[in-house]
Amino acid sequence: MFSDYTSAELLSIFAMQGFAGLILFSVFVLMALGLAIIFGQMGVINMAHGEFMILGAYVTYLISNLFATYLPSLFGIYFFVAMIVSFIAAGALGALVEWSFIRFLYQRPLDTLLATWGLSLILQQIYRSVFGAREVGVTLPDWLMGSVPLSETIEIPINGLFVMGLTLVIAGGVYFLMFKSRWGCQVRAVVQNRPMAAAVGINTAKIDRITFALGCGIAGIAGSAFTMIGSTGPTAGQLYIVDTFLVVVFGGAASLLGTIASAFTISQAQSTMEFFLSGSMAKVLTLLTVVGILMIRPQGLFAMKVRK
Amino acid sequence: MSTKDFVLAVEGLTVSFDGFKAVNDLSFYVDEGEIRVIIGPNGAGKTTVLDLICGKTKATSGSIKFRGKELTKMTEHAIVHSGVGRKFQNPSIYEDLTVFENLEISFPRGRSVAGALFFRRDAEVVQAVEEVAETIFLQDQLHTTAGLLSHGQKQWLEIGMLLIQKPDLLMLDEPVAGMSVAERKRTAELLNCITKGRSVIVIEHDMQFVEDIAHRVTVMHQGKTLSEGSMERVKSDPKVVEVYLGH
Amino acid sequence: MNLVSKFGTNTSGFSIITRRGVIKTIAAVCAGWILQAGAAEVNTTGLAVTDKEVTVGILHSVTGTMAISETGSVQAEKLAIKQINAMGGVLGRQIKFIQEDGASDWPTFAEKSKKLLVNDKVAAVFGCWTSASRKAVLPVFEQYNGMLYYPTFYEGLEQSPNVIYTGQEATQQIIAGIDWVVKEKGAKTFYLLGSDYIWPRTSNKIARKHIEKLGLKVVGEEYYPLGHTQFNSVINKIKLTKPDVIYAIVVGGSNVAFYKQLKAAGISLPKEKPLLLTISVTEDEILGIGGENIEGAYAAMKYFQSLDNPNNKAFVEAFKAEYGKDIVIGDVTQAAYLGPWLWKAAVEKAGSFDIDKVRAASPGIELTTAPEGYVKIHPNHHLWSKTRVGLAQKDGQYKLVYETEDLMEPDPFPKGYQ
Amino acid sequence: MSRQSLKTLFPASDITYWIILGLLLGVVLPLTLDIFRLNLVGKYLTYAFVAVGLVLCWGYGGILSLGQGVFFGLGGYCMAMFLKLESSDPESTKIQSTPGIPDFMDWNQLTELPWFWEPFYSFPFTLIAIIAVPTIFAYIIAVAMFKRRVGGVYFAIITQAIASILTILIIGQQGYTGGVNGITDLRTLMGWDIRSDSAKYILYYVNFFFLMSCLLVAQFVRKSKLGRLLVAMRGREDRVRFSGYDVSSFKIFVFCLGAAFSAVGGAMFTLQVGFMSPSFVGIVPSIEMVIFCAVGGRLSIFGAVYGTLLVNWAKTTFSESFPELWLFAMGALFIGVVMAFPSGLAGVYKKYVEPWLISVAGHARNFLSKPGNAIPSVGPLSKQEGVSP
């Protein structure tokens, strides 16, 4: 298929294709990080993860409208405000959910799956009642629009760059929280041995709530970022959930690093295949490969062998 | 003397978890009808050895020969079928089934899917169950739900679940842990009577109890055999005193 | 207007009345009086018709993924019914509607349509949006001999005696659009892109055939699963193959992602090539995409909210009066609005609500009051209608840039395109 | 079967449930409902097949599959392919450019029948395929997963992924599958019009018969030692393993059985609704089927049937009167059941209704002072009652 392209063109194809892969990668990481914390660290299967993202998206939508009407002068920076608010909103909702029912289900992961699925239905309907069934569009500040030309053939979308940057920041933040902060240490303690952690005076209930809230908060930020590339509708959250779970599981549930690695593998695989095959088949093949590998290596890419 | 003559021959057994060698080049031999007790400080790798023998953990290297059959390559249930029974550290029984059902499930018949589907509770089963129930002092609790038994009784029930399989090699992980003095004595009797015609490996911390039952003792330390022999010999071994009995 | 008030009907949404309309009204009302004799003559098949009322069904998704698209149709159909009632109803009977929710779930559509026909004995059903839902209800309508007015532009390849298709079948949307872009914009190469299901695939198939007939080239054809949101790869391919026209039939949420990423990738539609021609983005979808993202794209439809004719002005006015000034009206919404009017006309021509008589009367029924202008029912149950090309504006409206001289004949089984 | 094993299979305690269910589905509903509603019930009952399968897999085996729709769909598609071939004979498809093949193939420029459609001309083959195809597929998944001890959450997520893969595939390959529209407009079964009212009655009873048979099989499994083993495994998998059982083989069996049930349900669905589409293969229907089972009580095969009926009936009535509320209700149902009634309707029945019944019966008995006519004391649906030797 390349016969009719010059080598320069080919080069630019691969450059741009690789970049497309990187954007997809960032998207996956954003989607998966929150889930990796909730599922990986707490063993809760949050089927409403997508809806938490959409919450972030709607918040962004509201904020952008606020700025457009009241602070048009500051419109350029509304996005940062929006992300913070999204984080808080989704986090708060997360804490509420954790308090209202998740905390009763820690011993029954499969039941959290059902309960959170129920939650997702309710959230969807709420969105529909509040924002209407139609998709809503978020106006981007101009500086996020367009692309930077590297060469006359290679152009890099700015919002793509932005998403990647954001991903770096958040991933870094999470890493710091989990592995460098006292809180993160407590979280890991609770994960590894709940009774013991409780015995040494860690307030496990509090830790759980914060962890869950953090996971949802990150989902909120992700949703906020997605308004730049994706759609915002009551049911949009559903689109992400399977991919997200696969990314997390594929990476080896307990390991954040694994999540990132698997996000990278899957995204690169998919965007490469998308270039050579039709979109649908690429998607099918990617999922099949992931499932296949999971069947051979159920513990995922990065799982520690432990002595039981 | 060839490994054939032993019931169990463990040679050069090693398993490592991400580099950490929980069991390191371990070798020991168990005779017909012998009660072998394995002692050692926590983390010495005692339980891991049992896990390796019954196939719960796969060995990194080394061999485990049971009546000349290599176990390291076999699946758990195959190992059980070949005659190895294993009791877990804290009683592992089916709380929501009755004592009878617990024993019945362990009865070595209808272990395939079809077998289980068409398994019938005939006289043979009932008789076997009642016999065992008698040996483990539970003949009166046959129809109580196992969850309601005392800790000691649960331990016995699990032993009973092994007995009904008529294994040639019985492995018990801390069988008297958490038992009252009276219960220990009865357990000791129980062990002595059930060892007829089979070999037993016991992991135990309670020295008194070990004295009562052990034919030979293996002391493990950091995944290796530290010392082996009769209780007296082991007790007098300075190395053992230093790492274990001393404190 | 006074004329109307004489009939003591309220005049809301009534401004669309033309002379012809008035006469019709009078006819209708007289018919009403004459036929007061009773339901018997006008209804020999036990439909839900009384001397005062006639019951019809509205069947769309109010919940689920399709609710996004179908809301407009529901509003339009209700508005039409309200206006008809205001004019004295059909054969002197007020229209009462029963609304059912298809819940974006095809068997539910089948189930509900059966309920409407079997239990509620409705005289007509206005509804369905996706082909899948239509396919699901079709056997039901044929078995229980109901009449469905289907509003969506669709892939064609169907012609049921129990359905009146008020939207365009594929050729009506595609051919004129492509001819225009070739003639006016000198397009030579096309990149076909679509969501992965029957309508985009079939439409692109026809498009490809037509393009090749014109001796031009299709440089790429791509399909993505419904709801797909990552289009960077295909955008790269587009940049690479440098087509004159991106022919996009992306639907639903994917739309938003596609146009945003297209813009982000630096393909600015208004300026230079490639230009983009779509048949799947109505004003409704632009709400979600955002005018600034799709500004400069061309759409081939039969109706745009911005159409400048008295019928449409009145329609838009009435619609906004009913549903708020910010509401937008897309192609399908307009087509849905036609349904009740076409049914009314057919019933009055037949002088009966009987399905068979209505069906017999339907071919040749014309509507001069249609917002899109003049439409006429073809014997194949589709509508004669014009094809129009609009240019997307930043404000989310289309600016009409071209419309066919005369009505396009509907051709659901286009020879040479299969 | 000997009396003794019959007693094991139907302890007096359960007989009443069988009778009640049999009467309700076999007599009461057909007599009270018009054909339209009855056909609806028939449709619901096809989901009950899946729910009953889930009781075994999930309730007993502890294997939660979020991909049961896959098997339901496969079964349904097999049936649909046969019916479609029958309904697209050269005569009725003569307007096509290639007569004699299903219309959707013609629209997608297929000029001949794909090889894997060919065998579906034969009804016997179809009947076998309906069971075999999904079961074999289930077997492959199960072996791959359970031999490697993948379970619980991971299994749930992977089955979910499989469901979405299959959906995309079916939609994408519309030339062979009918795409998102599914396989529609199915009219006759070997010349017999399946859309006529009489046919709907007959199909309802066929469906009823098959459901009852599946319940029987399920009951047999529950009461067999295999049933007890499944329960045992849920708590103490290792213990079962070290009692000499190949745990994975039991899980594989019960998962395949669940798949087979679902497949029968799918086939009956196609027959009663008249088409099959990818919207039953996907994640959403699969999870909904889990909730049917959860509402009924994940340990009660009868509960599963009632749960399915209840939820679907609620869905229909709700969405008829106030669609907006439906999702709220459904969501609340999910959460409520999990939180308040983990053992579903069956649990509620055990906890509240049954004691009341018994006490009432008790009073009645004292009142009539006839110890003879004691009602059969109803044993727990959910608990495993071992029969004393």
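Going by the order they are written in, the chains are A, B, C and D; count residues from 1 in each one.
Here is the rule we go by: contacts are C-beta pairs under 8 Å (C-beta built on N, C-alpha and C of every residue); 3 or more make two chains touch, one makes a residue touch a chain.
What you are looking at is a predicted structure, and each value in this text was computed from that prediction instead of being measured.
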Contacting chain A as well as chain C are chains D
One chain's C-alpha mean falls closest to the whole-protein C-alpha mean, and that chain is D
Furthest chain, CA centroid comparison against chain C
B
Let me have the rounded angstrom distance from the C-alpha centre of chain A over to the C-alpha centre of chain D, please.
34
Which whole number of Å gives the spacing of the CA centres of chain B and chain C?
76
Separation of mean Cα positions, chain B and chain A [Å, integer]:
48
Distance between the centres, which are taken as Cα means, of chain D and chain C, whole angstrom:
39
Residues of chain C whose C-beta touches two or more other chains
63, 196, 223, 225
For chain D, write out the residues touching at least two other chains, lowest number first.
168, 171-172, 324, 327
Counting only residues that touch at least 2 other chains, which ones in chain A make the list?
125, 128, 238, 278, 280, 283
Would you pull the chain B residues touching chain D in the complex into a rising list?
54, 56, 75-77, 80-81, 85-86, 88, 92-98, 100-101, 104-106, 108, 110-113, 116-121, 125-126, 143, 158, 161, 165
Listed in rising order, chain C residues that touch chain D in their complex are 62-63, 100-101, 103, 105-108, 110-112, 114-115, 118-119, 130-132, 135-136, 138-139, 143, 155, 157, 196-198, 201-202, 205, 223, 225-226, 413, 418
Inside the complex, what are the residues of chain D that reach chain B?
5, 8, 220-221, 224-226, 228-229, 231-232, 235-236, 238-247, 249-250, 253, 383-384, 386-389
The chain C residues in contact with chain A across the complex are 63-65, 67-68, 71, 196, 222-225, 227-230, 232-237, 239-240, 252-257, 260-261, 263-266, 268, 284-285, 287-290, 292-293
Using the touch rule from the top, collect the residues of chain D that touch chain A in their complex.
58, 64, 66, 144-145, 148-150, 152-154, 156-158, 160-162, 164-165, 168-169, 171-172, 283-284, 287, 290-291, 294, 324, 327-328, 330-335, 337-339, 342
